[in-house]
Amino acid sequence: MKVCRRVNFNAAHRLYRPDWSDEKNNEVFGKCNNPNFHGHNYVMEVWVEGKVDSETGYVIDLKILKQIINDHIVNEFDHKNLNLDCEEFESLIPTAENIIAVSWKKLRNALDPKYRLKLKLWETENNIFEYSGE
Amino acid sequence: MKVCRRVNFNAAHRLYRPDWSDEKNNEVFGKCNNPNFHGHNYVMEVWVEGKVDSETGYVIDLKILKQIINDHIVNEFDHKNLNLDCEEFESLIPTAENIIAVSWKKLRNALDPKYRLKLKLWETENNIFEYSGE
Amino acid sequence: MKVCRRVNFNAAHRLYRPDWSDEKNNEVFGKCNNPNFHGHNYVMEVWVEGKVDSETGYVIDLKILKQIINDHIVNEFDHKNLNLDCEEFESLIPTAENIIAVSWKKLRNALDPKYRLKLKLWETENNIFEYSGE
Amino acid sequence: MKVCRRVNFNAAHRLYRPDWSDEKNNEVFGKCNNPNFHGHNYVMEVWVEGKVDSETGYVIDLKILKQIINDHIVNEFDHKNLNLDCEEFESLIPTAENIIAVSWKKLRNALDPKYRLKLKLWETENNIFEYSGE
Amino acid sequence: MKVCRRVNFNAAHRLYRPDWSDEKNNEVFGKCNNPNFHGHNYVMEVWVEGKVDSETGYVIDLKILKQIINDHIVNEFDHKNLNLDCEEFESLIPTAENIIAVSWKKLRNALDPKYRLKLKLWETENNIFEYSGE
Amino acid sequence: MKVCRRVNFNAAHRLYRPDWSDEKNNEVFGKCNNPNFHGHNYVMEVWVEGKVDSETGYVIDLKILKQIINDHIVNEFDHKNLNLDCEEFESLIPTAENIIAVSWKKLRNALDPKYRLKLKLWETENNIFEYSGE
């Protein structure tokens, strides 16, 4: 049984590598390389797989899952500049792939190991990402 | 090949255990424990996996799948009180996990065994569930 | 300039008149007349019209508007049985039309008279309502 | 890691078999058998699975994936009559199952073999399809 | 008080004028001029404004409004070729503007004159139209 | 007759007044005052009201309207930092109210005066704005 809580966070970011020339950064990252940043309303689905507790009828209380996500994801990333405000992206480009992988590690550590974990991330309504740890 | 029909049903429910104290019910189920019930617009996706019939180009005629879902799910749950009107929840708490598991069993019995079956259920736009029989 | 905050509340209700026969209640209200109630995820947009404050660039701080809506609408209706738990519907049928009119009055009283107020309410994704006090 | 680009195309189609009688076509395909065609706004999610490039933080540049999808799917199907304008459906009924299987083959050929490929197709908001090559 | 019922219909159409050259048709209507037609999932909101009946709490029973819309719009346009199957468009180009104006007249005739009527039509998720008779 | 084209742009911004203390900026603008900026996927609907051209069946060719919006809004704001990259917000706080008013003026100048113009802007799925020049 898989259960999911959906959350939002609004953040600024920039895609670039300081060890690349401006030309290469522009060629690879295009307008996402704007030095003054741009931003997104990120939508994240956090999917937790486990057994249904026969007493409560829950896999996990979604109020508790929501609290874990708020503590480890929303409070870290919401209304932040991912490049400047979040140490995870000090030396890691905040592509959606890296955001979802970083988020997965943070939630994996916070969550009981008995659960399997999968994340889905919308950067825009047309660009979507999914990660389950591999 | 997987094909899906999406349906809706609007129902009332209450999460509580008669063998627990009011304190424990409130602690575990919070405001979902309101003795007068509350309700949701449930959205369910019914995913059927099978081979494409080379004559019709269909895995299953979605009009037939829609009829099966209406007979076994929508007519059973729509505009109902899950706790009071549905015998499946006489002694089973109507959490979304239990609703999706009960629905899966009902559809599994109604559907040709050659198909695999997976359900996805939205209780709210932020609380989502998925079940494929295990 | 019009600004809007969107909120959700999940509630149970029943449409019927105690002064009508069962036949007439069923004829007019159909399955919404289920004596054990059913429920919905209501979505409400609260639209406030006013001048932009030249200092803040706001018509109204949406954090403040959100608080007003939570105090007067969400806390009153969310996870409630509108017929049994809400005094506004003791002698008023909780149709969406009446829910939106009651909500409008509650918010109109809570909001500075300098603002115009319009509400939009989704009972389901196909049944939508709009009210601005007349 | 899975990444996705979502696209749209608007097309006309008709479901029927010339080797069947009108009665059989109507029985199986119902109103989808209208000889003058009808149409849909198709929505397609193209999911590509692969490793994150540690230099770019990308599985695949979604601008490049978008270009591949435009070249092989959108330009082929958008504002077209699938039965009359698209050679793939000269002798294949353009059911959503066949559209997604044809699209999968076209994209599979266009995409580096190191990636796994999965498609999801909405024919309407209630009829959804998924295919990953088997 | 305004109340709305949302419906869908899936249709094929072509935008062209027989009294224009191919060049002019292509210049004005672009790919919408495909002689073999293309199609859309149209979404229509039918908004009815009137007084709330104090007995029923309804402006209009949405089940009755749904029936009126099915009889006059959905049954006429769904799974049809607007140019070939619908006499309204025999000599009128089925642009979304003309579809919504034709629909408005049909519903205006079917609806009690005490109600005001407004329609909203989505041709795609990005192209939207609104009409209230003027 | 009203017609609409929907567009998106992704931008970073910060809400603050240099003539206010940090305390006052935090009190009024809260986390939107992050000095390193945050961002949004803005969705804008551009509504144009006018007469239907009896020859074309169009109020305005939406391909032309799309081009006007791209030239004056999307190219100006997409993947930009509104505070640092856009001269309109050099001395104007980029609240959604100010973004929609600035956009309205830009489109009003670009559009034939025979059309009426109304904009709708989503900053998040819960914060929505509407402006028609007054």
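Note that the chains take the letters A, B, C, D, E and F in the order they are written out, and that residue 1 is the start of every chain.
Just so it is clear, a residue touches a chain if its C-beta (ideal position, glycine included) is under 8 Å from a C-beta of that chain, and two chains touch if they have at least 3 such contacts.
None of the values given here were measured: they were computed from a predicted structure.
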{"item": "Set of chains adjacent to subunit B and to subunit E", "value": "C, D"}
{"item": "Pair from B-C, A-B or A-F with over half of its contact pairs in common with C-E", "value": "A-B"}
{"item": "Interface residue identity across copies subunit B, subunit C - same or different by half", "value": "same"}
{"item": "Whole-Å separation of chain centres (CA-atom averages), subunit D against subunit E", "value": "27"}
{"item": "Centroid spacing, where centroids are CA-atom means, of subunit B and subunit F in whole angstrom", "value": "41"}
{"item": "Multi-chain contact sites of subunit B, meaning residues that touch two or more partners", "value": "125"}
{"item": "Pairwise chain contacts, counting only pairs that touch as defined", "value": "A-B, A-D, A-F, B-C, B-D, C-E, C-F, D-E, E-F"}
{"item": "Sites on subunit D touched by subunit B in the complex", "value": "15, 17, 28-30, 92-98, 100-101, 125-131"}
{"item": "Residues on subunit F engaged by subunit A in the complex (per definition of touch)", "value": "8, 10-13, 31-32, 34, 36-41, 78-81, 84-85, 124-125"}
{"item": "Complex contacts: residues of subunit C adjacent to subunit F", "value": "1-7, 45, 47, 52, 55-59, 61-63"}
